[in-house]
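The next part holds the structures, each set out as structure tokens.
Next, two complexes with chain A in common: one pairs it with chain B, the other with chain C.
== the complex of A and B ==
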């Protein structure tokens, strides 16, 4: 399998970047355009390739009534894209401290996910059927956390549009029949200057249900990375902001720390 | 026209008697309606609880009561026909709140469960629902129903004490659900918690009780059932939620059958009251009938006049019975709810009554039909009244020699047929008790024979009594005996009603005694450990269990000689819920061996202990037509156990039957090593209090443990047995009440019938006290006749009831034992009742106008 084929849609932050592009642009879509779209996506992902990643995240949920709830976690990822494993561990507030999520990504199928609950010393598998549900009260779904293989989608270049003053490629992605997804299609904006993601809009049928905006994009160890992401659930009227602190790439992480036994130990 | 001119004035003149007649039907119909409504209410409440909890669930995967390993969930979720599948644990726990009883805990996985059920919150932080993390991370989290919170003044963050495997724990109310279908399940006593926390709190290991699922879009329920059936194997049941209601109903089959028999018996007795009243009415109105016939009334008109009267009586009585039945149904339902909790370990309360219009219509129909059937013979006899003989008062009450002969011949023939029906099974040699229709035909015929013979026997007995009565009170005794002898038809109707009631009492009492004797005998061997360690106060609630490791801990406590670990669970065998009991058979053989009903004792224990055979209870063998050597196929989550039956033993653990196996077999096929009960044998039986204390101290604050002594457990089992027979006691009381009504009716009519005679007696110097005593003696004599015939029929009835219990209800082999104690107690009860029943008629007889009495007729 060529490197190009193995590139997944995973992005710099493990969070939903991978979704990419497809063909909802009506009529007039040429083979050349489709090919360009795929090339753009692959290049965007290539630029986010890293051996490992670690950050401390602040998750803020703003509900429709204006209430804000905060959670903090630490995130570590070993590998990139479809070959990666990640552990997310909540550190605050106290009532959720210690709860951990292990994600094992696969290039050819949906990831496996397990949750560890220290208070009852139990791990539980997050079933595939539950991936469309909200991720622990945030506006992200479990599916949004998956790193997807580029070959699971079809891409179509739908034009160019500026986001926050930066010119972006507008690319539509549609999951292939083999890919199980809650979304019918997604539209992704990739900045032309850095190949960094600027926005993703997710549709169910023709209804826009979630929008993810990337901001505060900085170059961290050579990788253009958004330090703040905001997912809006347009149905519920709520939004969730994820802010990344102490972000590092290519740290020496041990493979044995990314297993079910390991999250039980810690 | 005839009814307006003839019947209405008659009813007006005899208001009290009319009311007593109606009361017979009222009671019969009320018992029928009350019992069935209560039974249906409990079944409906269970089904509603299942439906409401099921939400949008289309299919449920279960493996009996045992549950199954977590891996089954993943298998189900991977099925192509399944859209969503979620795990569920149900546990019934004591709320420890006075008057609130049990709380149904629904353990669910909030991540996916909202696809099937709504958990909208009335108050509390929405995040509890929306953010499973908060809910999951805190295992003390519960969400309670609005109804339960309202009743107990609970608000968000209130603390709620609940009994768990780790002892009483304080849970935190994280949210209160809005009123909905779900929250009204189990009478509103519902709480939701994380399924994995529930596993830990209730000792479930890594198992789930069931998986609820919805079918994938575009696929049918049948397709899904087929796919899962092939995927999971025979040890699993895949059915819509309503299937659980059917299993519950099957579990209560024995109880429902008892209810049916009792209510039909009540109606039967009510029928006799009607027959009695109409037979007497025909007698009283012979002159009237004669005049009508002389004026041109046809036989048909006379017949329909009486049938019409009986229909009206039936309608009024049935309507009253329906109303009264509904009134008593709530009380009966509460009693059934308690019985089900204690006997079957399934907590269920009927929040509302299931007053089925169909049932009420059936009750009305049965009431009217019963009334009319009871009046058929009197109406037929009324139609045959000869106008010439109509004025020959009293003659009708005499039993002609021809009729006596006809009755005797009919009784002899039917009696022979009845005996032949009984003999038929032995001819056929069927192990299952032969032809059931033949057996029941024989039973009905035996009762018919008793009814046919009752006037003859009453007459014979009355003649036998006469010298005794005359010896006791020369005047009053002779008068009372003559009254009965001259009017055997009137007397026999009352005696027959009393006979039937007492036959019912004797049968139930005999069955109860036989059950007690058998259960006590069984307990003496089966329950011979010194101590029993349980995770719940209730012996039958199996939703909380111990881990296997506790066995070694208990064994290490000083004074403990031996531990036996028992795992019992209801499983589905041949579509019937039966009890699987798993225990260390080798150890059991050493401590509690008893001779089997069938099978070689040594081989039986050896083969079962080595996992090469299974033992079954006698009642299972009886109900499922099993015998030693038969290959048993027991579906389990890990496959179908195919082993021969190596022994049939007496075991009363469950009414539907028990399959006994070695623990290793159960652990292998159910992947479940949890323990329901530890049987503890001590080095020194005298050290029971000390060792009990050591066990309690060992687990104080760590685990919820109840330690019962041998005597306490037996007492508990007998208490449950008492409860089971408690309802039948109520039915017996009603039967006796109906019989007493019959005596009152008979005596009232007897007095009216003999007003002239009694008037003459007074006119020639008879004292009021003598008249009173005459009536009292007559009443007591009817009581004596009823007692004698009742005990005789009861002795026969008991035989049939024991056979029915053995072959059709519980499969229990009960030894015949006449309930002498109850019979002795019944003598003063019935005689006192008869005497009390005679007080008013006696006073009416002596206080009436002498002139009017002499002018009567």
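== the complex of A and C ==
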């Protein structure tokens, strides 16, 4: 598995998005640094490898004026690292109960996504140009919900920095030409002690637009997992906190529960 | 509450809402002077999965209305065949069996085909409640449906032993579209329900660049033909509804591009009853829709064109909102203000300018359960146009919903 050159946040829903640096920044970086960065990302991926995953999530959206709205969902994933399928289904608040998202990740291209809306009994494919939009009023975009392939990005080791007192590798990534992304580049912090993600900052051109912080990192069934993630939309001034409950890995999930037919079942 | 982690095997999910809605129509209609209408709908749905391979779904609707749009008597309705909405009805009642790549649904269920949004030519198992013509809710049908999913291809077969019609406007109310100069409001002579079964098959393919489907339907149009006769003794004009036998051959496509999602849908409607008079047969025609869809930031845009090509016209008189929205440009724009508030504007304009409809909406959630929505619709045009005939039905509405 360590040979597989794919990147994912396996333990989490949001992959350590593109790590890398725009070409003008990367231009001055040595090949050794790039190799080190890729090796670190691959090791981080290897350590989060799991056949399946399930959790119940509490989403709390804090808008710029401090108002809070809560949403709850269940998440199930089969497979990992670019060849996975995931179903996310809202269970609260009541008016969105039953709304479901099917994400089919591919190792060589952007994921396919469909949303099931029970109020109209129809599914809708989420188009590529829709991926930058907010997912159900949260600060996560649809693109933030997909896994990323390590080969779709270039990586550069940009140094070391502490996050919450833990020393982290700071890695920059930029999407390759074949990769369609709203982000021009991203910076990822990976903890040196556990290879767990600590932070991701996403840029559009030179503007930092979203920051994802990982906290409450625990060892769950041998996988270091952040039980709390907080995405800040720095343009809007809002943020969304996701807390994972009842997290399990390597459950016996079935492939037929990750199809369009399956998300239509309530 | 859904409890997916509870021992993995059994899950129980309950959801529903209670909703009060008030419509205010600024203009009177000669046949219907009522301008203020109140409506209540209570809905409860239960989904129970006793084992991984089986799931049951059930739902009930409870309705009340200030303008006689709901039946007066209390009975539990299943068939959705009455002219008025039932006071208490089974919204859905079905069982789903899943084994490997096969899914079989049996019972009263919702079946939606097609990909476009406002007019859906291939959506043949989706009758609607058109008591309010521009705000029709979908009705479930009694059917057996089997779907086999083979990686990127799905084969969908539906057999419906019992026909479910669309509910048409009440003749003595404003959405009947009876001209203002009509001497007398016609009398509802009821409907002749088809007794045969219906079936349809659909193949769908999910590709990297596009997803598309081909479908075939053999059954009855859930939208009726209108037949009128004169009762000399009454005296009165009696209107009856009959549902013509049809076959349709359709296809749909959705192709995401970097700029838009392109969606298209078309179906050829062919009368399949050769042994009845021409006024009991539907036209042969092609109905098609092409639309573009884009989501950008907090905006969602959908715009398109619906067209119709009549291959063979007959002397029948259809009630056909889908054909009525053809030869028209259709659009919708929505903006999400924040997680709790949104606004939307939608409209349709006939290409000859003889009918126009536009509707704006503001919706706001209050906490976890409550939502209020206010809307206003403006309808204009000529009396001989499908949209224009409702030009005195512009309205404002307010809705309060409690979801659980």
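The rule we apply is simple: the second predicted complex is superposed on the first by the 240 of 266 C-alpha atoms of A that agree within 3 Å, B and C clash if a C-alpha of one lies under 4 Å from a C-alpha of the other, contacts with A are read in each partner's own complex, and residues count from 1 in each chain.
Keep in mind that, in the parts below, a contact is a pair of C-beta atoms (placed from the backbone, for glycine too) under 8 Å apart; a residue touches a chain by one contact, two chains touch by 3 or more.
Values in this document were obtained by computation on a predicted structure and should not be read as measured data.
Partners chain B and chain C clash in the overlay (superposition on chain A). Touch criterion met: A:125 reaches chain B and chain C at once.
Once the two complexes are laid over each other on the shared chain, residue contacts for A:133 go to chain B and to chain C alike. Within the superposed three-chain model, A:234 lies out of touch with both chain B and chain C [touch as defined at top]. After superposition on the shared chain, chain A has more residues touched by C, the comparison being chain B against chain C. Once chain A of one complex is fitted onto chain A of the other, the partner contacts of A:95 extend to both chain B and chain C. When the two structures are aligned on the shared chain, A:117 is found in touch with chain B, with no touch to chain C. Once the two complexes are laid over each other on the shared chain, residue contacts for A:63 go to chain B and to chain C alike. Judged by the touch definition given at the top, the superposed model places A:256 against chain C, while chain B stays out of reach. Clashing C-alpha atoms with chain B appear in just one stretch of chain C from the list 61-69, 79-87, 97-105 or 151-159: 79-87.
Taken together, the two complexes place residues 63, 69, 95, 98, 120, 122, 125, 127-130, 133-134, 137-138 of chain A in contact with chain B and also with chain C. Looking at the complex, you find that chain C touches chain A at residues 1-2, 4-5, 8, 13, 15, 17, 45, 47, 52, 55, 57, 96, 98, 100-101, 103, 110, 112, 138, 147, 149, 154, 206, 208, 211, 254, 256-261, 293-298, 336, 338-340, 365, 368-369, 371, 401, 403-404. The residues of chain A lying in touch with chain C in their complex are 54, 56, 61, 63, 67, 69-70, 74, 76, 89, 91-95, 97-98, 109, 112, 120-122, 125, 127-130, 132-134, 137-138, 180, 246, 248, 251, 254, 256, 259-262, 265-266. Across the complex, chain B is touched by residues 63, 69, 71, 90, 95-96, 98-99, 115, 117, 119-120, 122, 124-130, 133-134, 136-138 of chain A. Residues 73-74, 77, 82-85, 109, 111-112, 114-115, 126-127, 130-134, 136-139, 194, 196-197, 199-200 of chain B are the ones that touch chain A when the two sit in their complex.
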